[in-house]
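This is the structure I want to talk about, given as structure tokens.
Order of writing sets the labels: A, B, C and D. Residues in every chain begin at 1.
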């Protein structure tokens, strides 16, 4: 594991290395170098299994964090690569040529976060939602409760309590 | 495609149809009258769960397939962002209805890992037991379900009946029939009831008998063999290319099992061999599942024997209503009956999770792989191929 | 019927747009697929026949419930136990049918995403009356676990008439059997007139449906 | 016997056949349920289903041919019934059988199928079209061994009249065609499996491939007609085989027992086998049953 991290540290200047467990390490890579890093890891380091790819919305910093988790089935190691892209006009290089299923992940991210991956197959087709007419729902500034109350004819009579206060009242 | 041996085994070589254009794409002209667009699902009894396939067929042969999902989207990942950590537990179980316990375990495990809680040994044993029971009830549905797609319904009836018995045991242990919410952060909710071992053994004996019957009914059945051997072939080179995991990869000869490769809970104390087959067709995949069923029964027996009688079942946790998990991120995985099942969890140090993302095996199996496998398949084989991949739509769209 | 949801035009598929096509004889014909290719009759209320005959027919309808095999949500996991040895709903005249045309009972098994709701409406309209709806789970009553979700509806009775609700998450097969018993009672008493109710309040139902489903793309009448 | 009396007995026979058909299908479904470990439907369920189907309030139609489909199908079943001698030696229940009725019955067997194809295609459902193409190709191959067996019978008994064939088999169990011409019997009994359409040959209605084939769009009273026809057809086909190979029946009781056993044969096979693909099914019929049919002819040449 250490050799691999050293190798990619030298080549791609990854930072923020966190050894979460013995066999999984999180690293941060610059946006431009990410796809090159992934390609290198797949081709040369044996990280052949693509586990997942997803995004995290850090709205306070105006950034999206994209996480790619790669797995080396032989050595039984995982490396998670974080990369940060700007929330405005979020675009990222596509990785669909490396693994077939990546285009599905990218389709989902396009729909749910609004991150564009130019060149990815069928990326503009709707994937999960149908006729969605609001900001992408997984973004932090999309308020699901307000949207649901506005749209879906809530049945009157539902009471919502703050759990901690409700418990305090009942316990005393 | 195989060469024709004699007139009785004649099979048309249709690999050249439809013709390809010069740029390598298929020449599918809907107005030519040679092609029919066929929608299967969501309202179709052969489809697993609620999803749909858009097939373009020419004669009996599928020339293009597209999977459509999203009929079950509830936005879990969004909903959990506005719930407390403890409130996420009853929510996350509902992500996949076929075997909900993996969701509980993975969320609990990520929360424990991020906040540095060690759980007591007894709780680990009980978690292992619950996860294996979940696999057992899922396999009891899917092993005969493969024959069910070919209208051999008897096996399904027996299997679902036995699954009900397993669910009864679940009910006894956890109080819930389908959704258990038994695994909580720090441990589990309760010890085994009195006499549970005996009742478990009774059910396992019935399942043993069922395995024998299903062996005769399915795996020695000439028509079943005819319909499944050589159908739905996955090339070994596709395993990494398409991200295939679990029994589907094991049927192609890849001995990958999270339980063996990345032992979690008590799996390194249990004695088991990773099952595998070589042929990588539907028959091989159902064989792997059947072996897995036998193995699961064996594992449950081992767990029952090795498990201590008493012990702590819960490590102390902070008040869950004010529980803040330190900033960090992690990825934990486990082996569900469909393959690698993982949670990617990000915490920002607040009361609610920042992001929880589920990596379900069906995500890759049911979309990119299925779309590829259905090309040149016979229309009659579409559902057996789909069921043999054991797709579960709710974990695709969450 | 007027189309109030402005998004419908935005999401209209290419093949459903009004367009001009050339006929074989060379003339140009204007085609409006959604209006030309489908039936444009509104549903009508079908009055019950005289009392004695209707009573007998209702008994027959109650004893022969053909359920559509359409698992719309996670409640569909309890349908296989329902028709297998443990619970065996066949004893009570409950049978599964694979096509909407031949079924009378629609089990809405749990939450409905908007995408599924559209298919549910289409399917419901294709069923032949008298038809009954059995809604499973608390998510069809008030949203249940998913009350604040942006993609699941909260109450089903705004979109199609519901005969019996079976509460719970998820309802056990016993509860489902009890639901069927309740439905039988309702039918025998002549109160299960969902299809007629749908025809009577058709405009209200359609307006609700159209408000939520942006990607309409289907004819207004699906029979 | 004047025509009024004749018609009265024909309708009486039809009534018995219809009800026996319904009871038989309910019994078979109960047997299937018992193998699965269930109780199964109540034995009176088919009648209730029928009443319900005829009493639905809505019924959407797709055009004139859509109406005619079930009518043709029913005509096929009724035609077979009308020319089939039900009880041997009974003046009342030999219907309108005459010297060449076997040929006519073979024709009616196919007639219903064709009518159904016309009607179902009017429904414009792609599953109907797939089901029809499967049904017609399968039925054509079923006809081959069946026809060979019947030709063999015609050579053996020098007649094409069912009554004469039954008459030739009287006088003890060893006179049955089953023992005098076993190869023809085997060929015909194998093709019977396809004619009844239980698995492994239930490709036409394959519920989880093409739900449910030709009758996908049929509902309410249309389906009621189809179900009525199915009840008649099952009994009549079983009676045809009983007459040709198992010595006919001299009383209703004998008819009921024999037709039950013949029908049970197809259910018995169906419970334990999954479904073939269409080309496998066609190939299967063109192998063993065809071989037996050819042998049966060669023997009596």
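Quick note on the criterion: a residue touches a chain if its C-beta (ideal position, glycine included) is under 8 Å from a C-beta of that chain, and two chains touch if they have at least 3 such contacts.
Every value quoted in this text rests on a predicted model; they were computed, and no experiment measured them.
What's the farthest chain from subunit A if centres are computed as the mean of the Cα atoms?
Comparing chain centres, D lies farthest from subunit A.
So how far apart, in whole Å, are subunit B and subunit C when each is placed at the average of its C-alpha atoms?
30
Taking each chain's centre as the mean position of its Cα atoms, how many Å separate subunit A from subunit B?
23
So how far apart, in whole Å, are subunit A and subunit D when each is placed at the average of its C-alpha atoms?
Each chain reduced to its C-alpha mean, subunit A and subunit D end up 61 Å apart.
When the C-alpha atoms of subunit C and subunit D are each averaged to a single point, how far apart are the two points in Å?
Roughly 36 Å separates the two chain centres.
Subunit A: which residues touch two or more other chains?
Correct list: 128-130, 137, 142, 144-145.
Touching two or more other chains, which residues of subunit B qualify?
44-45, 70, 73, 75, 78-79, 82, 157-158, 161, in rising order.
So which stretches of subunit C touch two or more other chains?
84-85, 98, 115, 148-152
Which chain pairs here would you call touching?
The list of touching pairs comes to A-B, A-C, B-C, B-D, C-D.
List the residues on subunit D that touch subunit B in their complex, please.
Counting only subunit D, the residues touching subunit B are 35-38, 126, 129-130, 199-200, 202-203, 206-211, 271-280, 283, 286-287.
Please give the residue numbers of subunit A that touch subunit B in the complex, ascending.
Against subunit B, the touching part of subunit A is residues 18, 20-21, 23-24, 26, 48-52, 54, 56-57, 65, 67, 69, 73, 76, 78, 80, 99-101, 103-105, 126-130, 137-138, 140, 142, 144-145, 163-164, 167.
Name, in rising order, each residue of subunit A that touches subunit C in their complex.
So the residues of subunit A in touch with subunit C come to 128-134, 137, 142, 144-145, 147-149, 151-155, 157-158.
Would you tell me which residues of subunit B are touching subunit A in their complex?
Listed in rising order, the residues are 69-70, 73, 75, 77-79, 81-82, 84, 87, 113, 240-243, 245, 254, 256, 261-262, 321-322, 328-331, 333, 340, 342, 344, 346, 354-355, 357, 359, 363-364, 367-369, 372, 397.
Enumerate the contact residues on subunit B facing subunit C in the complex.
42-45, 49-50, 70-75, 78-79, 82, 90-91, 94, 97-98, 141, 156-158, 160-161, 163-164, 177-179, 394
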